[in-house]
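Common to both upcoming complexes is chain A, partnered first by chain B, then by chain C.
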Partner chain A sequence: MKKLRDRAAELLSQGVVSLVIGYEEGTKRPRPLFCRNSESTEKLIFDSRCFHNLAVYITKKELVGKEHFAVTAPISTLRSIMQLYVENQLSEEKLLVITVDLSGELREFTTFDEIAAYVAQFELKRGEREQEILTKIEGMSREERWKFWMEEMSHCFKCYACRSACPLCYCSKCVVEVNRPQWINPWPAPLANMEWHINRAMHMVGRCTACGACGDACPVGIPIDLITRKMMEDLAPEFGYVPGQPAKQGNALSSWKLDDREQFIR
Partner chain B sequence: MSSNTDFEPKIIAFVCNWCTYAGADLTGTSRLKYATNVKIVRFPCTGRIDFLLLLKSFAQGADGVIVSGCHPNDCHYTSGNFHARRRWIAFRSILDLMGVDIRRIQYSWVSAAEGSKWADLVNNTVADIRALGPYAEYQKVADYLEKEGYNEEA
Partner chain C sequence: METKYIGKDGIEKWFNAIVASGKRVFAPVNARGQVDFKPVKKLSEVAGDYIQTTQSIKASVYPKAEVLFSYEKVNGKVNLTDFDPESVPETVLWKVHPCDAAGFKPLSAIFNWDTADKLHNAHLIKTSVISFSCAAADESCFCTSVNGSPGNTSGSDIQLTMLPDGGAIAEILSPKGEALVALLPSVFEADKGEKKEKYLVDLPARFNLEEVNAKLNKAFDSTVWKEQSERCLGCGACAFVCPTCACFDIQEDAHGSKGRRIRCWDACGFAMFTLHTSGHNPREHQSQRWRQRILHKFSYMPERLSVVGCTGCGRCSRACPVDMNILEHITSIAKQ
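Entry: the complex of A and B
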């Protein structure tokens, strides 16, 4: 922790970066901290409770438009950063990524190749909560799944926190704001909610890094992160990517193979 | 079966301009008879068929959907149907997870020369949907705002 604070203060005072995005102690759990001077780095923390995905801020032009900046990143954030890089949303010049590895040592990445090599050591595993709910869903019949999701979707009131929390939802105009025609009705009704979540999952095909930020952000606790999570796991072998690792053959939906599955096509 | 004999399924077909639409045209000019339950919507390419359109058809009262285009390697735009195929794989996977009845979406390749295949496809799909019955489950959710109380009924 001391090393991280010192390094952040050093970076800021030397003018290497003008902004360090990290975590500070919040009321119940760590919250994001934006350090613009070396004094504020005293509040920086970094531990296993820091899972808020800070990658969501690094594509915001109004926040990091012209500046050189650093971001402290646990493994889930590193995965998102890699995916953003694959999608040409980040440039190496402005970004310095700092993480604390398993042995507690500070590590800095200036190139995306280094991050890719580091991320490759970590396998994406289901946590206890994910395992529990997904096992339940996998054991259901189709009708039960429909009922389960309809019940969950009936709580959704379209706050779009899932969209705001997701580092990969960076479209400047979202499909739900398109109203000529209005694709997805803006009011919270079961069908409109389900269409929104199916739509969100479709836009995440082959991209989601399963950081869980959307499910974490949901104020009514719908396990929406598991929709994209399960979709990633199911489609990975077919589309030739590894969940949690940056896609090497380009985006899953903008590429194709001659021998893609088609038993379901009559 | 007995309860479904009166039920006429509504089926929407999303087809590509270059193969299946021409194929369906050939069915007509060849004077082949096929079920009249299908309403055809013509698209430039299967790659243009947005996945939300399929959901919208169910919401508007369709009981089944046909999506059809050129065989692989026959696409007028070289690779539109390959992209579409990938999208369908992903879409089916997500719908299945959400509990949407994916048996009601029939994908097919029908070329401009396959007039009889189109007739068979429509007839078979109509028979399948007739056996499945109306998609009331989805309708109930779609009509939520008109008929209050989705959860109370269920």
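Entry: the complex of A and C
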């Protein structure tokens, strides 16, 4: 921890960066911290409880401005940062990524390739919770799955915490807010909720890196992260991707190749 | 107001009598790993051990989405069907916490600020509140800091304080409460003289409301809003679980020559909430929206409606994905 705090203080006092985004102790669990001076780096922590995906902040112009900044990143955040690079949302010159590796040493990355090499060591696995719920859902018939999700979605009140917590939901205007034409009914109701969640999921296919931030943020406990996670797991092998390892060739559903093996697309 | 005693068996019989009367009964139910208000028919369905429901009971008097009116154009003539107050069923809310019941007052103050709100008032008239005083609290609770208490009876028609024998002290607080007692008066016995206070959780106040108000009056241009709101994600979780947040949106469910106009929940924390058609947004940054949330509850509402817009239920702090803890933030403003 001391190494991280010292390094963050050094980066700020030397003017290498003007902001370090990290974690501090919260009232219930670690929470995001924004250090703009070396004194505030005393609050920095980094451990296995630091779950929140800080990549959600790095596309917010009003927070990061035009200056150079650093972000402390556990694996899930690193994956999101890679995906943001793939989608041309980040500039390698501006962002310094810091992590603490398994041996407790600081690691710093300034390029996509460095992060990719590091992240490749970590296989994306289902946790206990994901395994339990996904096994249950995978055992259902299509009708049972529809019933399960309709019931779950009926609890949604459209606070959009899922969207707000997702690092990849950076659109300045979300499809749910487009009203000419109004694609999705914006009020909360079972079917209107399903319309929103299907749209959200479809916009995440081939992009989601299964960080779980959306499911964690949902105040009414809908396991929505598992929809995009499952889609990623199903899609990755079909398109030659490694789950949780965003690749430079681009997103599965938004890239196009002359030598695609499927006839219909050529 | 009258105080009675009701025994353990009496509570169940009375509950069954309320259900049998045909009224809708909503009570906290433990399902999907969360405790929330749901329609119930049996006392055994009601959740036991929990501190707070995830959502408030606000939706019972201010539904998430409600049709204001519907319309249809037939042969050049427009038929309007207005909201019918008689369509609202008689509803009993069982096992409401005092901080939730206390939310009715600020909520109604907003909905009746200038024009009396037909929809909200229709729900309110048809709703009876049976609150249970609080024997337990957690670190997010702060009702005693905002004019409330674990035994606050504001907004309640009856308040029960549970006793060790499984019975309860029953405070009958309004004609609606008397009407509920009249469904099975035989189970209500003479008051045994037990002091209610003995059974309430001890929850010391965490800040002084007047002090906070005085600080807020000078804080509009403070840097505190930006400092506190940097991590805020701008979602509506806090507003939607809040018992007093009343922001709404009006939406059109139009299908050719017929449709419905719907009022649904909205939140001042959303970037789009104040976005003008011109493209100008008077609350462009999250810090301005956070300031609005706090000032509205702790400054504008006390000033204009003579009621605090926060009941200290702590739901916003529990629901926030990034630990925007309202108690911590207000306490830090009070100390500045």
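Convention: the second predicted complex is superposed on the first by the 254 of 266 C-alpha atoms of A that agree within 3 Å, B and C clash if a C-alpha of one lies under 4 Å from a C-alpha of the other, contacts with A are read in each partner's own complex, and residues count from 1 in each chain.
Convention: a contact is a pair of C-beta atoms (placed from the backbone, for glycine too) under 8 Å apart; a residue touches a chain by one contact, two chains touch by 3 or more.
Because the structure is predicted, anything quoted here is derived from the model rather than measured.
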First (chain B), second (chain C), both or neither touched by A:Trp149: first
First (chain B), second (chain C), both or neither touched by A:Val220: second
Touching partner for A:Asp234 - first (chain B), second (chain C), both, neither: first
Partner chain in contact with A:Val205 - chain B first, chain C second, else both or neither: first
Chain C versus chain B, contacts on chain A by residue: B
Touched partner set for A:Pro32, first chain B, second chain C, both or neither: second
Which of chain B and chain C A:Val56 touches, first, second, both or neither: second
Which of chain B and chain C A:Leu258 touches, first, second, both or neither: first
Which of chain B and chain C A:Ala189 touches, first, second, both or neither: both
Overlap of the chain B and chain C footprints on chain A, listed as residue numbers: 187, 189
Residue ranges of chain A in contact with chain C within the complex: 26-29, 31-34, 52, 56-57, 62-63, 152, 155, 157-161, 163-165, 177, 185-189, 213, 216-217, 219-221
Parts of chain B lying in touch with chain A, wherever the complex brings them together: 51-52, 55, 59, 72, 79, 82-83, 85-101, 106-109, 121, 124, 137, 141-142, 144-145, 150-151, 154
Residue ranges of chain C touching chain A (in the complex, touch as defined): 32-34, 36, 54-55, 64-65, 139, 230-231, 233-237, 239-241, 249, 251, 253, 262, 264-265, 267, 270, 272, 285-286, 317, 319, 321-323, 325, 328
Sites on chain A touched by chain B in the complex: 137, 140, 142-151, 154, 183-184, 187, 189-191, 194-195, 197-199, 201-202, 205-206, 227, 230-231, 234-235, 238-239, 252-256, 258, 260-262, 264-266
